[in-house]
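See below for the structure under consideration.
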Amino acid sequence: MTSLHQPQPGGATALDRVRGRAPTIQANVRRLAAFANVHSCPTAAVAFAARVDTNKVLADTSMEMPYGQSPFAIGRGVAFEALLRRHGHAELRRVLTDGLGTDFSYAAIENLREGFQPNRAGLTMRARVTSSRMAEIAEGPQEPVVLDGAVLRADIGGLPGFFEADEMAIGVGGQIIVGENKSWPVVDGRPTDEDALGAALDQAATYVLMGRRTLEQQGVDSACMSDSVVLVTPRNTGLAPALHRQDVASRIRRIERLLGAVPDVQETAASTPPSVTFDTIADTTLPETVRLDAFGQVTDELGRVYEPASCLTSCGFAWACRQRLFADGDPALVGGSIARALPGIASLSRVAELGQGAPASPAEAPAAVPLARANRLYDEIAAVPRMTQRRTA
Amino acid sequence: MSTAMEALFAARIYAEGQALRRTTLRHVHLADPPLAIAVWRLGGERFRAAAIAWGPLDGPFQLAVPGEPRNRDLYFAALQPFAADLCARVRRAAVSREVRQRGSVIEAVPTDALQIVVPNRATVSALGLLGRYLAYLSDRGGVAPDPVLVEAGRHLRFYARNARVPGQALLLPLDRLVADHWATLLSPFEQANLAALDAQIEPEPGRHPFDASAAAEVSARIGPEPTEDIDRVTGALLAEFNAARSSSTDPAVVEPLAQPLRSHYRDLVEPVWQLMQRVVARERQLTAAPSVSRRFSADGEAFGRHVDWVIPGGYYRTTDTPRQAAITLRRLEDALAHYEADRAVEDPACMIPYLLDGDAIRGTVASVAETKVVVKVRAVSRAVIAVDSPDPVTLPGGKLLWWTATAADQPWQVESVQPNGTGSRVVLMLTAKPTAERLPAVGNVITLSTLCTGRSGFWLLPPVEPPWTHRPDVALLEGEPIDAGDSEQPVAAVDGATVPDPGRYT
Amino acid sequence: MDQDVYSISMSSSQDEVSLRLARQVIGAIEAGDRDEAVRLTRELERALTRRRTGAPADGAPAFAAQPAVVPVAQAPAPARSARQVITGALAEIGVACRARIVADYAGARFGQRVEPRMLAALRRDERRAWDKNTARPTYVVPALEGRFFQPVRGLLTLSDWPLERRLLGPWSERADHLAATAQLARQLAWLSERDAAVAERLAPVVAEMAASIPGALDGAGVDTARVASAAEAELRPLKERDEPWRQEAAARARGQLPADQQLWGTSIGVVGEGQA
Amino acid sequence: MSAGVVDCGERLDQSVVAAAAAVEQVMRANLLDLVGREAAVVAAAPAGAGKSHFVAATVGLLRAEGLRVALAAPTNDQVQSLVVRVKQLNPDLPVAFVHGVGRELPAHIAALPGVSQPSAADAQRQQDPLVIATIDKLADAFLRNGLCGFDVLVIDEAYQADAARYYTAAGVAPTHLLVGDTGQLDPFSPLDDATYWRGGPEDPLQTAVGVLLRNHPDTPVHQIPVTWRLEPRAVPVARCFYPGHPFGAAVLPGVRSLRLTRPGPGSQVLAPIDAALDEAASSGWAHVTLPGAPVLTADPATAVMIRELVHRLLARSAQVTCENRSGFTDLNPSEIAVGVSHNDQKDLLRALLDSYGLSSVRVETANKLQGLTFEVVIAWHPLAGAGVTDAFHLDPGRLCVLLTRHRQACIVVGRDSDRALLEGVPPATPGFLGWDPDPVLDGWDAHEGVFRLLEPHVIAA
């Protein structure tokens, strides 16, 4: 099995086979976060390892999920960034000075967002500037430095990925502090969406972790990467930026686990059964039924783990999987917490039967008793009015 | 929330192709008609309603479309009629009152507070944010905003905050109303989509609820947050609008130009409005539970206090003081306990989970006897009943249970539980003087549960002056005006397609 | 502030005569002797145009590199091309500047609005013109980031500015913004005594630019002296850091880059990066 | 477990005991300095650090100084045991127990000399010098009957008391001593938006200590470096729940011992059960793992296993000895507790144990076990047979309570698939500004550490 562990032609061709002509996408912080929500799903793991873009694979089928963000939402983000940068980063300097207690009025600000091409070459150059500037922390720069659009290069499951941190403030009390800008407001000290805040902090934690690795590669003590990050958001009802500082030590540990859990591309490719490919599924020239059948075969082959909330927000396959679960009557359809009440029971139809008193196998027995009871009670004491009138369609 | 019950619901709906009612009664007040509000925002702009539709749900809606909601003048101009109408309705609802005395306190409580229904919880928070924005407007930018905007803001903010109270019906998100009264195949996450819920309950004939809701998810758009496809259209129309008006805010100029945007949003609101009408009509078919009116009159008290505070010009803090938070927490917890108890005690269907989770027993009264027991050196008479439950009961001795018929009164104490055929015989002793109404008759099928609907002794409000422990060492420095940073330049929409990774699913 | 003015004019490629004239003009301006200043300006203009062969007849400002010295636009010139307006405005600003601000200034100064689209087109034309080596005294060229000398298209400069002024280091964006603000404030002060209409248009532009400078605006109107001094106060410490950096970078660029890349920047890829 | 035991000095680790004594001295001195000022001292204790002993002793000291003291804790059980503690250490000290309706002291406590149960009004009129009550009752008495004017307010279990309750009670005295266990469960609310205020200074659900330190960050916090309840073999596991808080066991290794006088194994069926009991007796820990399988929360198989363990433990007539006993004495059923996470688990086990005549064996959910001590504890692992992890079951406080109640041995019962639950990536968690800890992620780490430490004691059933 050693062949699995070394990238080699065999692995490469296996990878090509898995990908086929399916659209691919590089790993970035958002993909990583999305993958974290579905990492226990074998299909999702293979797709991520092969960098298959799960959002596009099912394009033009009834199972393609509405994806993407309002142009206004994006516009707001752009505007907020612009506000921080205009007039030579005046606002950013102010916010950092107020928030970090270090004077950034005359800080050196490396603007890595402009001039560099939006491609690997550009990213690579930015990553070089980033790492060399970060390394200067070892000499303890006499003045603070801000990397605007720092780029960290990290190996994700055997493939290089580039990660763009909004800000990196170097030399604040001998520390490097990661900053993340978000255009959603913090109203009266409270975020309008705690999950969005959590995701933002996870992002920042990812940069801290990758920053540490970048420093270590250069033999610099990574302890100077601060555990606490800054979040810059509009305050209250306008766009005026405000800075929040938050300790993300435990989130950093989570991201460390996550990176550890990312499957290696070559290993995955080589170890996936020969029959598995996303090629047919993504082939828009084929009829939908063919593509969805192919999807069914692939997921049956690899296995799928479906949890409504996490899958529906993070994976382009969710609707297609949900459809399969419905077809199989899989209890997971309605969520793991309920499925937990059904140990040893194969399908929802069987649950219904047991509810009506079908003889339970030893495996089913423990769960069957409360089900039968629930069913009896519902029919017996809840003289529940049934839907009568039908909508005139 | 019994997982066994949930599992059974899922299984039956799957097998029978039919959503199931969770309740035999309606546990939430529904005005006839309620005031309905539907909101569409610009994507990502939490304080900018691109369209507000409102009106009594039994009729057509009025629609406010600012055109460019990020322009203060246009925004306020468009919101004005909505705000004025809302304020008028609130004030009208606060007129007719009944005097109520509680302890030493005498209150004039509005008899029918204004109920607002919205499609979903997301709209509740959207209205809360809109209220937060309007309630603290200053004359920043030279022009003082129309006072009705500020007043409406305070009303919206009150409604949104009061929506935290379990069982309240002042601001009713219909997705929760439906999810509380119907079991579907939708996971809690998917239940946020009112159209999907409705489709599961009333699928087109011959369609399985699952397929119906899946289809609804594809087609239906509820708001307040627009999906990309919607805002692509909005973006184009808005660009034309802004170009055409060339920074004019003169109503005469803007009105006609906003027409395309208006019809754009009218088309979006239309189906949502019908959906809300259908949902409310359906739930109104159910008889209201007895405690519904009590809960709504509690809402009335809150409503009355709000109006009496705000109309004379009272302000609310943007954040709670430690004292307010402590009081609120306690009120909310009381409300929750009472709501859950009332539901289950009044509605057998809602009692099932408690029966399944071992927090309630149901059976036939096999015997009723009176005995004497010694309590604190005095012999007092007590009643002892034996209840035969068809199901095996596991209850620790000494556990206190309330008979649903006297759930506000004294509890029964579990004396013993013996196996009895396939079920159990439970012997209980009344913890109070046996009286006729406290005793069931032999042969009655009764339910006893851990739920008590009695009101616990009233508690006193904590001191106004916070103790030193809850005051910061150094007083926080004075902040800038509350609406600092308000009114930014409009921002051009950006083509999502040009952004490499536009984020998560919508 | 004299130093500032001189350093700007010093760093341009002028011969002694024009430099002397320039100083006299500045002296005259500061002495408040308007007519003298105007006379000297004309003379200076002639001196410069004499030196310049093939100077466009339509009178694009020839003394691009002398922000402190600007001729009075007596009669508003006939409508000029976007290019002329931009070069004109940029010349008067004198440092690398955001296209939008240049356009705003041009609009105020010459009463001619330049749409963003036109700017994009302008950039393309400039490059094409250069490739066709159409003889032009100055080209509108992008600023260059000072590490790999890649073009930063958001910031405009003029080809006849010395390299160090077209390069951007870690302090340059703020420094240039402050320099530009101070310059335009002085410009506003000067214009407001001559052309109220222009001044009225220009004031908001200056105010907008000064908005981010602590102590520059007191809330009321635009106090140009206040703006200029606030900007320069903040500029001074930045300059100490900025200028040496830019000089070093410029030296590097001169050593490394062919002439065209010194103007238009590099578009180097990176070799030796494994593809995924 | 009391620190008052002096006749067993040679059985104690004097260095640890001395260190603890030193810290307690500093705290008392610190507190006495502050008397009269609006200031507080916080004592952060690991499980079984002899908090209530420290509290009782300190109360005695304060009274000796002639200071009027109010002593409070969140629950009735806690304040009742405080009354007993105070009387044990200060027999002649009058104690006024102020209680709510139907919350009188049990007869045997009420009968203690010098213990009175006055109404709040009387307590105030008489100016009772030492009043003991729940925090809620103290607050109510303060508001309703003006019970106040104390010199010092002492709060035990201050990490379980929430800021809302503390708010009112705090008014009864200027100077406070807050004693608590940082490892146990945080204040909890059934509201589905209970995190509404989280991170804000007004959060009513932050701990009493939390709100105090937030507003007065310079308040001295002393870490008590000893555990009296746990013995050395139990300490490494306990440390998982107290990061950054060093402490050691007061009792020396080998002083305590659980022995099974009847040898196992009995029948084939009993083999794993006896193996588990033997492992627990010899090493202080046993982790019984049933075959991995998704099961109901109230899994009958697990419950039966637990009953068998209890039953067999007594059937093999277990005996214990410790620093306070001369020689071995029989293990009394009331010295055994079963700890669970859910009420349906509790009810099921209660019924099973009662049917075996084991009614005096205590069965409680974790939150009810807080502050209690037993010789042997059998813990139903929160993750046992769970298909998925969630915030409730990952809560480090819950696991901490279950695994730190015992003096001799703890037997954890779960399934061998449980550990695999932690092999993945913790779920994404929401963020709260101004609130750094993350119960899910911290709990994840704690659970992992515990699994690792229990590995050598695994008995597959």
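Order of writing sets the chain letters: A, B, C and D. Residues in each chain are counted from 1.
Rule of thumb we're sticking to: a contact is a pair of C-beta atoms (placed from the backbone, for glycine too) under 8 Å apart; a residue touches a chain by one contact, two chains touch by 3 or more.
Bear in mind the structure is a predicted one, so any value in this text is a computation, not a measurement.
J.: So which chain ends up closest to the centre of the protein, judged by Cα positions averaged per chain?
T.: A
J.: Among the chain pairs here, which one is joined by the most contacts?
T.: Chain pair with the maximum contact count: A-B.
J.: Please identify which chain has its centre, taken as the mean of its CA atoms, farthest from the centre of chain B.
T.: C
J.: Any idea how many Å lie between the Cα centroids of chain B and chain C?
T.: Once rounded, the distance between the two centres reads 61 Å.
J.: Roughly how far is chain A from chain B, going centre to centre by Cα mean, in whole Å?
T.: Chain centroid spacing, chain A to chain B, equals 31 Å.
J.: Averaging over Cα atoms per chain, report the distance between chain C and chain D in Å.
T.: A distance of 73 Å separates the two centres.
J.: Could you tell me the distance, in whole angstrom, between the mean C-alpha positions of chain A and chain D?
T.: 39
J.: Enumerate the residues of chain C that touch no fewer than two other chains.
T.: none
J.: Touching two or more other chains, which residues of chain D qualify?
T.: Where chain D meets two or more other chains at a single residue, that happens at 200.
J.: At which residue positions does chain B touch at least two other chains?
T.: 319
J.: Check the chains against each other and report every pair that touches.
T.: After working through each pair, the chains in contact turn out to be A-B, A-C, A-D, B-D.
J.: So in the complex, which bits of chain B are touching chain A?
T.: 2-8, 10-12, 14-16, 18-21, 23-24, 42-47, 125, 129, 132-133, 185-190, 201-202, 204-205, 210, 214, 218, 225-232, 234-235, 278, 285-286, 318-319, 348-349, 351-352, 355-356, 362, 391, 482-489, 491-496, 499, 501-506
J.: Can you list the residues on chain A that touch chain C in the complex?
T.: Listed in rising order, the residues are 26, 51, 86-91, 93, 105-106, 108-111, 114-117, 120-121, 124-125, 129, 145, 159-160.
J.: Along chain A, where are the residues that touch chain B in the complex?
T.: Per the touch definition, chain A meets chain B at residues 25, 28, 30-31, 34, 62, 65-79, 183-185, 187-190, 192, 234-240, 308-309, 312-314, 318-319, 322-323, 326, 329, 331, 333-335, 337-342, 348-352, 355, 367, 370-371, 373-375, 377-378, 381-387, 390-391, 393.
J.: Residues of chain D touching chain B in their complex?
T.: So the residues of chain D in touch with chain B come to 38, 40, 101, 139-140, 143-144, 163-164, 166-168, 170-171, 174, 176, 189-191, 193, 196-197, 200-205, 208, 211-212, 214-218, 343-344, 346-348, 350-351, 354.
J.: Which positions of chain A touch chain D when the two form their complex?
T.: Within the complex, chain A touches chain D at residues 33, 36-37, 39-40, 186, 189-191, 194-195, 197-202, 244, 246-251, 253-254, 257-258, 261, 307, 310, 336-337, 339-341, 343-344, 366-367, 370.
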